[in-house]
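In what follows, subunit A forms one complex with subunit B and a second complex with subunit C.
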Partner chain A sequence: MKRSNLLTEYGALLALVVLFVINVVTRGASFLQIENLRNLISQNAGVGVIAIGMTFVIIAGGIDLSVGSLTAMCGAVAILLVNKLASGGMGPTLAILLASLGAIAVGAVAGLVNGAIISYGRVAAFVVTLGGLAGFRSIALVLGKGGEIRSQVQGLEDFGFGGVAIPFVKNAGGGPVMFYWSAIVFIIAALLASFILNRTRFGRYMIAVGANERAAVYSAINTQTVKLAVFGILGGLVGVAAVLEGARMNSVGTGSVGLYYELDAIAAVVIGGTSLRGGKGRIWGTVVGVLLLTLISNMITAYNIDTNWQGLVRGIVILVAVLIQRGRKENE
Partner chain B sequence: MSRAKAVLYAVTGVAAVMIAGCQTGTEASGTGSVATKAGKRYKIGVSIPAADHGWTAGVKYWAEEAKKENPDVDWIIQDAKEPGEQISGLENMQTQGVDALVILATESAPLTPIAEKLHDAGILIVNVDRGFTKPVADVFVEGDNKAFGRKSAEFMVQKLGGKGKIAILEGIPCTVNTDRVNSAMDVFKANPGIQVVARDSGMWNREKAEKVTQNMLVANPKIDAIWASDDDMALGVESALKGAGRDKNIWILGGAGMKDIVKRVMDKDPLFPANITYPPSMIAFGMQTAAGMLRAGKDNSKKYIPRHVMIDVSLITPDNAKDFYFPDSIY
Partner chain C sequence: MQFPAVRALDGVSIAFGEGEVHGIVGENGAGKSTLMKILSGVQHATSGSLILDGAPIRLTGVRDALGRGIAMIHQELNLVDDLTVAENVFLGRELTKGGLLDRDQMIRETQKYLDQVHAAFAPTAKVGELSIAGKQLVEIAKAVAANASILIMDEPTAVLSDPEAESLFALIARLKEKGVTVLYISHRLIEVCEICDRITVLRDGTWVESLDAKSANPAELARLMVGRSLQDFYPNKVSAPETPPILEFIHVGGASLSVSPGEIVGLAGLVGAGRTELAEALIGVRPIGAGEIRVSGKTVQIRSPKEAMEHGIAYVSEDRKGLGLLVTLSVVSNVTMANLRGYGKWILDHKKEIESALAWKKELDVRVGDLESSIDSLSGGNQQKIAIAKWLETKPKVLILDEPTRGVDVGAKREMYNLIQHLAQEGMACILISSELPEIIGMCHRAIVMREGMIMGELKGASLTEEAVMRLAAGVEAA
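Right, the complex of A and B next:
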């Protein structure tokens, strides 16, 4: 592999490593404390899980702009369900589990509806999911009467800040430092998705449909089912993200939860080197993209930079990622 | 080659912005480095909503003012568009080792769990304006929103002579809005001559308030006065009235003491006979409180610093408007 090829292939990873090293050098122990590193993985776990599903959709030649609004809608469903079940006398753990499954199911159904209109109705994914962007938010607002829905179940908050205790590490108050469930879910989702994309027939079908739909049809691939499936998977993952966010806040602000998640998720996918034209992509790249965006926010606080600069930094990262991608296309 | 350059530019660009920001940060905290009594420099994080209307812009302005007043403290001031972003910012401030946090929540309920967790980790929490849903703050500073609703409604009843048709504009759904609207409605209900003919939310936003008012005007040929409850919304209402040619024989009661509105009260503009204060400078009071408590010793000062501070609100009329007019203020 030529040197420049290596750069285009691993550009995003390189940027992450360089920024990481800058942080280690300038912030030292403060940056390397376990809690901070844990935050880097957990803070955008919701967006990360969505971005993983978005990678599938984009590889298969689609796009989904409705995920942020769908997060609010699934979150509203989750909190309403958990309150309803718990007030009916159900134990908190079971109530949370069932409410989570309910939210994931609602998300998957919404995703399948998107996918069905796109694949069987032959409407552009951009347009269909633009409708979802407006529609799902509206349903969330109706469910929350325009405001926030508060969980009545303390267990949900405990789940949001619970996880696996990191051994030998204590926080400032002397308590254990948790590796949050949200971070664990993010990692598991990434590993599973990576396996599906690279090691299964369905993964190869996704790539085939995104690369050249007509050729895929001629190869006897049921392209409509593949498209339906990727949108359904993304919808279900949005339900997962909604539960993670709802637990962290023990409530859902129906007007504010998931705002701009579609842009963050697409940004992470693009930074990670997945082509917006479809037919090519990688999960690990998306994970790197999510971590890069989180690291930028982290640095904004640490260096006490005016928050208003954050957008510019993100913009530079996204643009350059696209420039690198274009370079890769020319190479082929 | 060009791609290699692109990556190089990316990394240099990001690093440059970061380092530039880093320098301004250290510069700001480096000037006038005064040692505190105990000889320790305290670090305080201030987390506020992004300035989406005039009042929150005022909050940011006063936060910067309080920072200048206290150069012996390392301040981290950050704003956030939504609760998720605000929570991440607070977590990052924690790993930066802040001694205290001053929080004006984007929304009440979503910020409560993280505030509780940070409080349990030993950080002094001062909560300003929008309250948490559990008493997890060491000090809670808020304006008296019930008095805001009551005093403004009482003025309207008096000015209308106890009889007239009014429209009501509400703000973003949260405890602040609920307290204001409910207290005002109690006064209006106690006066049967007052008829509330329209009621809708303008989200404390000028454009939204203008659109809502346009619809109200179409539906109601006669409105005597509009309770706008916020000066950004009051300006939106004014545009709607002028656009419809209905800006005669009607008046608006805004709120929060925006300088442009206070000036017009002072100049006896018939559209704005009065206003009511709700100072965004309360963030500066919260910051002073946090800094003062750390200097005095957190546990010691908790013995006498009240856990709940309620800031009184005043009715502004042409007679006293000059006492509330600050031309140099941003709001």
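Right, the complex of A and C next:
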């Protein structure tokens, strides 16, 4: 492999490693603290899970702008459901479980509706999900009466900060350091998605539809079902992300939760090397993209930089990633 | 990657006189379009010269050609649908007054040109709302506005109804009286004989003959257009077994297409005759229209290539890179794409996929190094073999091959012919769509000839000759 190809293929990973080393050198022990590293993975787990679903959609030649608003809508549904179930006398664990499934189902149905309009109604994904961006947020605001919905179930917050104890590590107070459930869900989702993309028939169809939809039709592939499915999966993953966010905050601010998640998720996918034209992509790249974005915001806080600069830095990172991608196209 | 250059035109020398209507005829690929592109400045000739009014010229582009009075009316009209007639006529050379568009002046001028071509619509009409014939008049008005002395028309009547064609002929006659030279390309041999003064026949990129239209007749033109002997290039024909047809398409008018196991049936016709469209209807990507499909004698509904596959019908597209293959995917993925279910309901057995691709590579002698590399790196002939392997994977009973030898070199062509015959001998029912007449004659047991979306007739045995196909394809006679 030529050096230029190496850069375009693994550029995002290289950037992540370089930033990581810079942090190790300048911040030393405080950066390498196990809690900090854990937070890097769990902090944006919600966006991460959405970005994984977004990778599927983009590989299949689509785009989904509605995921941020859908996060708020699913989050509102989750909190309202858990409160309702718990006040009805149900135990907190079962209530949380059922409410989570409810939120995931709502997300999946919303995604399927998007997908159905796009594939059977033949409307551009950009337009349909732009409608979702406005519509789902509106439903969330109606559900939350324009404000925040608080959970009245103590168990939810416990879930948000619960997880699996990292072995051999104690925190300052001598207690265990938890590897949060959100990070675990993110990692499992990534592994599963990677398997689906690379090893299953559905994954192959996704790539075929995104590479050339008409040729896929001519190859006896039911492209409409494939498109419907990727949007449905993304919707379900948005429901998962909403539960993770709701548990972490123990509430859902219907006007603020999920704001700009669509942009963060698409940015992570693009930075990770998945082509916006579809037909080509990788899950591990998206994970690297999410971690890179998280590390950048982490650094801005750590180095006491005015957080207002964050958007500009992200914008530059996205542009550089796209420019490198274009370089790859010309190399081929 | 480098492709060998093909000499599209060789030793063609034609003189066009002032105020002459000069017909240019030839089979698909005879070099008509290339000649027109050179004359209208779209393409440069690698050698030879262009002499206008006695002086050699070198055209730098379409604009240059137009400046010298050479205008081309394309088959696909180059108009902007959203603009008005006047805006189209003055597109790129708008009249201005004090830096602003002088709309009134442009509309007045356009009206003048429209009157000259006897157009019934207003300069302010939106072009998108005009009929095809109307749009053609706008194109001609544009040429008149540019003061063209040479007008090149590529298949102008292909899209017109008979009365519309008649008024076009009247317009050509009026232009001729004004001293405009018209180069008239058409497949319709009858009308070429009627409206032209002289006719030039091209074949395989070379000049065959220029003759007076008065002394020409359509049958003679068809003979000149074909006029080559069958080379010893095709495998010896093996007679097909007499078995009931496996696939039939029956049009309401009674015309039909059928193919039996072991038989190679040609689908001949000129470009745009509707052969690909018929094939696409057979696999359910476009409506079948007024007709029905029967598989093994039973009427079936086919709504998608998937349903066609379930009935054992496979279609290898003429558009290899656009529809036949997924060019960004690997060779292996392309081989198994239509038959992925055979490699696992959910999880794919990639080892089995590779074994399968290897087997096809050996069977069809595909020259490829790495099966995991993108299929784009293969030559045309090898890509075509993979496109066929992809469908043989699905074990079809009927294989429709659309221009299978287009863009492949001579050696690969021969291999393709041997492969098709081999498949037929194994019992495959083959439909071969081809614009190359020798291919139809050399390969097929029977041939169906289409013209303008209709099945014109069927030829077989001794009556299956190039001239007979050409006469049906050009509409000189009905079978």
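Criterion: the second predicted complex is superposed on the first by the 332 of 332 C-alpha atoms of A that agree within 3 Å, B and C clash if a C-alpha of one lies under 4 Å from a C-alpha of the other, contacts with A are read in each partner's own complex, and residues count from 1 in each chain.
Basically, contacts are C-beta pairs under 8 Å (C-beta built on N, C-alpha and C of every residue); 3 or more make two chains touch, one makes a residue touch a chain.
On a predicted model such as this, the values are computed, not experimentally measured, just so you know.
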item: Fit-or-clash call for subunit B and subunit C when the two complexes are aligned on subunit A; value: fit
item: First (subunit B), second (subunit C), both or neither touched by A:219; value: second
item: Partner chain(s) touched by A:141 [first = subunit B, second = subunit C, both, neither]; value: neither
item: Partner chain in contact with A:211 - subunit B first, subunit C second, else both or neither; value: second
item: Subunit B versus subunit C as contact partner of A:304, first or second or both or neither; value: first
item: Angular separation of subunit B and subunit C about subunit A, which is computed from CA centres of the superposed model and rounded to the nearest 10 °; value: 130
item: Touched partner set for A:279, first subunit B, second subunit C, both or neither; value: second
item: Subunit B versus subunit C as contact partner of A:200, first or second or both or neither; value: second
item: Contact breadth on subunit A, by residue count: subunit C or subunit B; value: B
item: Where subunit B and subunit C come nearest after superposition, their Cα distance in Å; value: 21
item: Where subunit A meets both subunit C and subunit B, residue numbers; value: none
item: In the complex with subunit A, residue positions of subunit C that touch it; value: 283, 285, 304-306, 308-309, 315, 317, 322-329, 333, 337-338, 340-341, 343-348, 350, 374, 390, 394
item: Subunit A residues within the subunit C interface of the complex; value: 199-202, 204-205, 207-208, 211-212, 214-222, 279-280, 332
item: Residues of subunit A that touch subunit B when the two form their complex; value: 3-4, 7-8, 11, 14-15, 18-19, 22, 26, 30, 33, 35-36, 39, 43-44, 46, 145-148, 150, 157, 160-161, 171-173, 175, 245, 248-253, 256-257, 259-260, 294, 296-307, 309, 312-313, 316-317, 320-321, 323-324, 327
item: Contact footprint of subunit A on subunit B as seen in their complex; value: 1-4, 6-7, 9-11, 13-15, 17-18, 21-22, 24-25, 28-29, 50, 75-76, 78-85, 87-89, 91-97, 106-114, 117, 120-122, 133, 173-174, 201
